[in-house]
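You will see chain A twice below: alongside chain B first, and alongside chain C after that.
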Partner chain A sequence: TLTLTSLIILTLPIITTLLQNNKTNCFLYITKTAVTYAFAISLIPTLLFIQSNQEAYISNWHWMTIHTLKLSMSFKLDFFSLTFMPIALFITWSIMEFSLWYMHSDPHINRFFKYLLLFLITMLILVSANNLLQLFMGWEGVGIMSFLLISWWHGRTDANTAALQAMLYNRIGDMGFIMMMAWFTIHLNSWEFQQIFLTNPKNTTLPLLGLLLASAGKSAQFGLHPWLPSAMEGPTPVSALLHSSTMVMAGVFTLIRFYPLMENNLTIQTSTLCLGAITTLFTAICALTQNDIKKIIALSTSSQLGLMMVTIGINQPHLAFIHMCTHAFFKAMLFLSSGSIIHNLNNEQDIRKMGGLYKTMPITSTAIIIGSLALTGMPFLTGFYSKDPIIETANMSYINTWALLITLIAMSMTASYSTRIIFFALLGQPRYPSLTQINENNPYLINPIKRLILGSIFMGFLISMNTIPHTTPQMTMPPHLKFMALAVTLLGFTVATELNNMTHNLMFKQPSRMHTFSTMLGYYPTITHRILPYLSLTMSQNLATTIMDSIWLEKMIPKNLTTMQKTAASLVSNQKGLMKPYFLSFLLSITLGLLIAL
Partner chain B sequence: MPYIYINIILAFVISLIGTLIYRSHLISSLLCLEGMILSLFTLNALLSLNINFTLSTIVPLILLVFAACEAAVGLALLIIISNTYGLDYVQNLNLLQC
Partner chain C sequence: MNPLALSLILTTLLAGTLITMMSSHWLTAWMGLEMNMLTMIPILMKTTNPRSTEAATKYFMTQAMASMMLMMALTINLMYSGQWSITKMTNPVASNMALMALMTKLGSAPFHFWVPEVTQGVELTPGMILLTWQKLAPLSLLYQMATYTNTNLIYLSGLLSILIGGWGGLNQTQLRKILAYSSISHMGWMLIILPFNPTLTLLNLTIYIMLTLSIFMILTNTFTTSMSSLTLMWNKTPAMTIMLMTTLLSLGGLPPLSGFMPKWLMIHELTKNNSIIMPLTMAIMALLNMYFYMRLIYYSSLTILPSTNNMKMTWRFTNTKHTMTLPTLITLSNMLLPLTPMISMLE
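And then the complex of A and B:
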């Protein structure tokens, strides 16, 4: 029964795509209800798993055998995939309902829904894959759908460059993935997870490095991160689905999948830890002074992903997974409410031009406040059940102190930029033009947000109560460490509130160095996106034009010869240019010579 | 010596005098230079045919090649002078500019 139900889950959305009735209006509603039923059905295996803690592997279709490598289509239904699938389906259901309101005036809305559905299917393939080939198919699938969806408004240059950026950074990560697959084929002769974990090889540094690179590319870690803020060029439902809850989780999810191998390899753990710590601090710094509401939320996603990497780095993959699930809820909700604000203010995305929405858009402002509180780890909301254990475990483990410190600093910055969003968007006097059309009464807008609010509040509790802990959490610790997360967050809140209130009516004469560092995203995109084309273009210019044309053909022999001769002639000669007397004297001397000889 | 050789050598000498004595135009000197080359070419061809020394029949051809290059160089010089001064009068060549 488990097998049948999970296969039905995957095929229900697929059937909808195959019907392809793009012209009719009810395609949208069919898609949405298909996803709803898929969500409901996917709860059945999850509940069965919670009750029995029995994992399942379905391996049905043997595709081909290349020499000794057997490739088949197999699904792995363990704790990770069974918990993540209903969450992904729930969020996709909410987002599809939301995009019925948001993309209402778009003529190609059927195509949009088709793309969202394709994305969902590839994400589910990725999550439930039991061998690396299937995971790679899902991996590439989400990459392609991300490209198509970011460049949804493809008439806009920025959208196209952002989609290209996403594709290229993902590709760099894919190189790591392929290296990992190649290593496993060569050394272990299999791409199935069971075989990899059973044989438990001893020298796994190289493939795990490849995996780390792949996750860094997919999940926007430092070094491969600029695509995530740029990906906000896509419509808000796309940002909510792909770049907050699901696709960027793919990288972290794959790292979590490989936890048996990573347990034994301390080098990889340390590098994951440091990479995650750098990412979370760097993106939190950048998020502090951004002015576009979607970019702030995107950088916040990147920061939380860094936190998940830190958790994997301290050898707690299950905590990272729980944080991933809870993060999906409140981040999607933050994006949906920002989409509601943007549409209601007539496509205004700059928070310096919003304000005073606390009274006019009550449901959205409630959503933002609850989402921000959950994000920062307010006790007993969702984020608390995942973030607090992470910080406690990090405080009590034997890790790099510097990584721990910057994670804590990044946590306080999380509180700061969330306060900034609330302060600029919701509080104060309105700063937008006075002819407004603020209307939140559409059920397609309200219902998803309401569902996600409920999810944000309760899901943390539900998930942590219903899962069996795989590692014993730290029970005893000194009180100052126990309250560290809360203290740091409160510090961030208060500092941000004070600063915002004090400097609200002040203006920069010239922004300080730190401010421009943060607003320009740390200069990283500016440097790297220009340096590579610059280097290759100057190299080609040097080779083709300078070396060949100008030096070898023009300057080396002809021009050098002329300058040499001219300087020599002008230095040496003292002629006066009298041609005729010279010729006459020549003739005279020849004749005299002939006469004398004869 | 056979008469025909004297004839051609006389043509050569006349062209030589023409190269060295000219009034004002540089191009007349170049023209007489061409005449010198023509007479030399004919002399070479006739000589190698009359002495039946077949290995030297290539000499007139080589001479022709070099003559062509030389004529081109001469004309290029003429054109540069003409660019600066407008005419190719020899009196104009008294300014050294480098």
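And then the complex of A and C:
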């Protein structure tokens, strides 16, 4: 029964793609209802799993055997994939309903839905893969769909460059992934997870480094992060689906999948920890002074991803997974509500030009406030069930104190920029043009947001109650450590509120250096996007022209020989005709000659 | 010059060299060298301008110093071995000091500084005698005593001579200096083969003397001493211009001319003795010599520099110079290569 139900889940969306473009009007609704039914059906295996704690592996079609490597299509339905699939389907359902309202006036809306559906299918392949080849197929699939969806409005240069950026950074991560696959083929002769975890090899630093690189590329960790803020060029549903809940989770998900190997390798754990900590802090700093609402939320996604990496780094993959699931809900909701704001203000994305939406868009502002509270880990909302255990475990474990401090600072900054959004978008007097068309009454807009609000409030509780903890959580700790997360968040709130209130009374002056650093995303994109192409291009130009033509053919032998001979000739024949130096040289030569000869 | 004085001087010159070449006692050899040097001075000073005087003075000082050193070497040899024979100088100090003295007399590096200056300071004919006849006596002494000298010194000096002869000649426009540097370079070649096969030294000497005599006589006949006057030679004696070209090529060591013979045999001998790098370096450095000979050939025979139409038709005066031995010499210096198997005659 399990096998049948899970296969049906997967085939339903696929069937709909086969009927493309035949009936132009109904395609959208067919897609949306297909995803809805898929969600409902996927709940069945999940509930079965919660009841019985039985994992299942389905292996059906044998593709090919290369020497001793057997490749088949196999699905792994364990805790991670069974929990994540309904969540992904639920969120996709909500987003598809939302995009019926958002992309209503777009002539190519059918193609948009097709792309979203393809993305969903590849994401599910990635999540349920039991061997690395299938995972890689899903991995590449989500990469390509992200490229196509970011450049949806391809007439715009920025959109095209952003899509290219996303593709390139993902590709750099893919190099790590392929290295990992190659290592496993050479050393373990298999790409199946069961075999990898069973043999438990000892020297796994190299493949895990590759995996870390791949996750850094896919999940926008520091060093490969600029594509995520730039990816906001795509439509809001795309940002909501790809870049908040699902695709960027792929990297963290793969890292979580490999937790048996990572438990044994302290080097990788430390590097994951440090990378995550740096990412968290850096993106939180950058998010503090951004003015585009979508960029703030994107950088907040990046910061939360860093937090997940930190969690993996302290050897708590299950906590990271829970945080991933809960984060999907409220981040998607934040994006959807920002989409609603943007559309209602006639495509205005700058928060300096919004304001006073508290009264005019009640549902959206409720959603934003609840989402922000959940994001910052307000007790008993969703984020609390994942974030608080993370911070507690981090406090109690023997990890890098520096990484921990940075994570705490980043948490307070999370509160700060969330306050900033609320303050500028919702509170105060309106700063947009007076002819408004604010209308929230469309059910396609309201229903997804309402569903996601419910999810944000209750899902944390539900998920954590239904999972079996794999490691015993620390129960007793000093009170100051227990309240650390909460205190830090409240600190962030209050400081941000104070500062933002002060902005009513400030005179305009030049932004300080630190402010510019934060607004320009830390100058990282500016520097790397210019230096690396410049270096490669000049090196290739030098190789092509200077080295071959000018140096080797011209200067190396002919010109050098000429100058050498001319110097030598003028040195030798430069006699002045004075006899005494000649005799002196004779004396020296004779002395030397006698010394040699003796 | 007064014919009586001239005949006396030339006879003494001849006698000096012959005495050195025929002696087996060091003292008589040294005596011959001294006679040589002393009679060379008035020959160098045939013209009485200060330049010649200066050249003669320099020549005298250098050669006197060399003779003094040679005497010291002989005395040391006498002290240690008690005999005056040339071929048995077993004491290293004595034999190396004598070697260096003879090298100074020949004009090898690092004792080469006097050669270009003296050669430039005198007329063509004394220069010719300086560069050809004066080499006979010291080389005959070297031929006899070379077995007991340090071969490292010989190689060092020889290589250095070739280098200096090549590089020094690149920067010259005066023909006498060019021939002086060419003499230095050829001395280097002769020195290097001395420990291996002294017969080849003598062969090289012979062919070198033939070639240098030919060139000097061509130059004397056409009154050219610098490269600029070389460019006008085509008009006066076109046949001699072409002969100059072939003789210069032969001096540079180009096959199939006879100047190739000594170089070829030397490289053969050196490679038979398992030294590869040295003949390689020597051959490459000889190219430097070839370069400035080519420059001379280019300016004399291969191009005609722009001139007015008047200069293209000169009045041919009758030649007052002696050309008696010139054809023989030129033929010998260009066409001797097929006679290579005959070097066994020199053994």
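What we mean here is this: the second predicted complex is superposed on the first by the 532 of 598 C-alpha atoms of A that agree within 3 Å, B and C clash if a C-alpha of one lies under 4 Å from a C-alpha of the other, contacts with A are read in each partner's own complex, and residues count from 1 in each chain.
Throughout what follows, a contact is a pair of C-beta atoms (placed from the backbone, for glycine too) under 8 Å apart; a residue touches a chain by one contact, two chains touch by 3 or more.
Values in this document were obtained by computation on a predicted structure and should not be read as measured data.
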Item to check | Touching partner for A:I186 - first (chain B), second (chain C), both, neither | outcome: neither
Next on the checklist: Just to be sure I read the superposition right, which of the two partners does A:L584 touch: chain B = first, chain C = second, or both, or neither?
Outcome noted: first
Checklist entry - Touching A:M507 in the superposition: chain B (first), chain C (second), both, neither? => result neither
Next on the checklist: Under the stated touch criterion, which partner chain does A:L598 make contact with: chain B (first), chain C (second), both, or neither?
Outcome noted: second
Item to check | Winner by number of chain A residues touched, once chain B and chain C are compared | outcome: C
Next on the checklist: After the superposition on A, what does A:A568 contact: first (chain B), second (chain C), both or neither?
Outcome noted: second
Checklist entry - Between chain B (first) and chain C (second), which does A:I66 come into contact with in this model arrangement: first, second, both, or neither? => result neither
Next on the checklist: With both complexes superposed on chain A, which partner does A:M465 reach: first (chain B), second (chain C), both or neither?
Outcome noted: neither
Checklist outcome for this item: Note: overlapping chain A surface for chain B and chain C spans 566, 569-570, 575, 577, 579, 583, 586
Next on the checklist: Going by the contact rule set out above, which residues of chain B touch chain A in the complex?
Outcome noted: 16-17, 19-22, 26, 29, 90, 93-96, 98
Checklist outcome for this item: Listed in rising order, chain A residues that touch chain C in their complex are 565-566, 568-573, 575, 577, 579, 582-583, 585-586, 589-590, 593-594, 596-598
Checklist entry - Which positions of chain C touch chain A when the two form their complex? => result 58, 61-62, 65, 69, 92-93, 96-97, 100, 104, 110-111, 113-114, 116-117, 149-150, 152-153, 156, 163-164, 167-172, 177, 181, 288
Checklist outcome for this item: Note: in the complex, chain A contacts chain B through residues 566-567, 569-570, 575-580, 583-584, 586-587
